[in-house]
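Labels A, B and C are assigned to the chains in the order they are written; within every chain, residues are numbered from 1.
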């Protein structure tokens, strides 16, 4: 177990390093530098600036310096706003994490409950209804859903206030983010629950005299949960990327919309910082879901 | 007749599938007396396992008992309510399954699964249940039981797991133990050990056993009575002597011809020609007729009734009727 | 006991049993009894199952209809996706933001004079372009991206996976380590990143195919080629590993079949169903990705539309012209839903693991 976790952590660190390298060198490959604007500074000023920002050194060394700075929590300064990037990320991430976290909880709870109901009432009306809804929602991209929800509930019906800095209404953004993973988890839970219920060990439990409810919730659900756990990692990735558009649609000042703005502004240091931050977050979530998976399923050997 | 523990009368079990109604069991009857061992033999699809599952009421969702009765001490198990069933399964009647690899829940420890049965059927507390679990594991010959209870099924070998399954079935000392092909998934050497263990435990605990198998060899020296099944019906029943030395049904004869043995090692084995019947569309007459060398016209159209050939021996084959008639016809 | 038998005998004799019934039956008569279920091949059986699934059949019909629409509509509709509507040969700048089936003032005049104007089925956009034809072209782009990206994934994934799975040993180990690392890269972020970079790098390649396709389109394909194949590679490798263990492969080997033949004749046909299913499910995911990128502003080059960019553009006048969002959004959902349902149907029909 210990060895496995260490191995996974090492792999995670390598992955984050690779992502950072790709990001850094990709950004450096973009033609044009900070001095290509109309008002080019004098050569002396330029030289000072280059030295100050280590731009006179070879790219690899620049990367080394960048990594060291990042490890210290220093992502540099935004080209657009001139503000400290780490501060901006932390501020906006607090908002994104709140919405994303709520979406994860909603998706997990609803998905597990609906999936189990569908499996237990197979081919009956509730099952068909749940399958219909979940199939529909897996076909709606989050940005379409977000815009439609905004149109219907805010513009047409006027039920929900559009996001503003003071009024914090999370309902629509959370729904927009949660629906796709919820639908996915529902389908996943249903199939794995049905699979578990058809297994020999469920028959053994029945033959022991275990009551039907306990057969379902102890013997089947525990096994059915395993595939769902493996989805937690990808789900986080989905919600994080989904937050890019959902936050833009609802004009929430979270990390996602900051990222999109930085892309439109071609604010390279900001793009670089956000990519590395989000990627690290995803790698950590994947790592966690992998470790939980091994804990829940004792069959996996830790090699 | 001595008091019967379990009486199955004209049991019919059908499965609903997309392709149609699968008639897995078509009117099987037998009685099981306390402390006796009953063997049910037949090839795949003969309905032997379904008969066993019908008794335990653990058929798949699409299966149902269409007609017939399963009487335990005079009460119909098929009509039991939830509470009665809970008291029946595991406590009165237990079952061991074919594949010990998949029959244990992979995410719970051996101890947990054993204790579950104990806690369900007795008023023992957790520590007592653990003690009992260790005790029963010792009884079925599991080494280091204190260590095993903390292990997961995948950490045990196939033979060990089947011992655990037996332990689980016997933990509440049931009256009836159903063993559904208990040795099929195991190595030959382990097979013998498991069978020996079952015989030994039967003597010790005195329960009745229904031993379901496709392996005639397994049944030969263990069973008090043997039932041969084909196409969801009983074709012949009797003690080991009747079945092995005086088979009176063409299918039984075919089965016996197809087993290798030391005494006929030099003879060529004769397989039964043809393929097992399609349970979706049963023939009108005897289920075996299309594969039977001696099939007569009547075999195709009418189902033979069971005919008593001796105190212990019964068979359902028109040939026996023919023989009887010819005997009668010669003016005896 | 004895009485019983006697009674039986009596019964049999007294009821005048027809003794001819006890004659041996002929082989032909026996054959009649032997009702076999009709033998079917794996493929036939699967197709039969697929055709019985109303959702899958419906999806196939929807996909065919959509394909017909995007092929035929540009031939029938006299408008261009990139051009301002012309009335009687002159540009009509007043035909902005028309509602579906509405005509502009100039068009009304022209109709009054007896001219014929093709109706604007979905209205027009803010630049006086026919919206229907833009949605049709958007669908074209989205579908093509989906198909092409899936093809890239299929080819790379299958090659990589089958080599890794068949070679085994050290080669397999190293190849799978690479897959592990690529697998853990956050795909969407890398796509965005590469799109940003390639957008700049390829910006001055005017006149080439790249410029025509749009740099973002190229980067989407590059990224699919770089990242998305790993899922397919893992799948194929897993399949091959399990099939390799089968007796029939061993049998083929023992009669001296060469590895290439074994791979082609025995292994690939057996993992074909899994590959087809996962490709069918890859298409909607590629369409999703493209529309997402277009929505963020990294999609196809204007004036070329895609469903995602149309939906994005519709956000501006959402209050006044909600249908501009609803048309492309419905189209995306319809296509993705159809492919998803088709994929599910294929899986139910062909995945041997689900067979009982």
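Everything below uses one rule, namely that a contact is a pair of C-beta atoms (placed from the backbone, for glycine too) under 8 Å apart; a residue touches a chain by one contact, two chains touch by 3 or more.
Predicted model, so just to flag it, every value in this text is computed and none were measured.
Among all pairs of chains, A-C has the largest number of C-beta pairs in contact.
Core chain by CA centroid proximity to the global CA centroid: C. The chain with its Cα centroid farthest from the Cα centroid of chain B is A.
In terms of their C-alpha centroids, the spacing between chain A and chain C amounts to 25 Å.
Per-chain CA centroids place chain A at a distance of 54 Å from chain B.
If you average the CA atoms of chain B and of chain C, the two centres end up 49 Å from each other. Touching two or more other chains at once is no residue of chain A.
Multi-chain contact residues of chain B (touching two or more other chains): none found. Within the complex, the chain C residues that touch chain B are 1, 4-5, 8-9, 12-13, 17, 19-25, 29-37. Against chain A, the residues of chain C that register as touching in their complex are 180-181, 184-190, 192-194, 196-197, 200-201, 284, 288, 291-292, 295-298, 308, 311-312, 314-315, 318-319, 322, 325-326, 329, 332-334, 336-337, 340-341, 344. Taken together, the chain A residues at the contact with chain C in this complex read 11-12, 14-15, 18-19, 22-23, 26-27, 29-32, 135-136, 138-141, 143-144, 147-148, 150-151, 155, 237, 240-241, 244-245, 248-249, 259-260, 263-264, 266, 271, 275, 278-279, 282-283, 286.
The part of chain B that touches chain C in the complex is made up of residues 19, 274-275, 277-278, 280-281, 283-285, 289-290, 292, 294-301, 307-308, 311, 318, 321-322, 324-325, 328. Within the complex formed with chain B, the residues of chain A that make contact are 198-201, 203-212, 219, 222-223, 226, 296-299.
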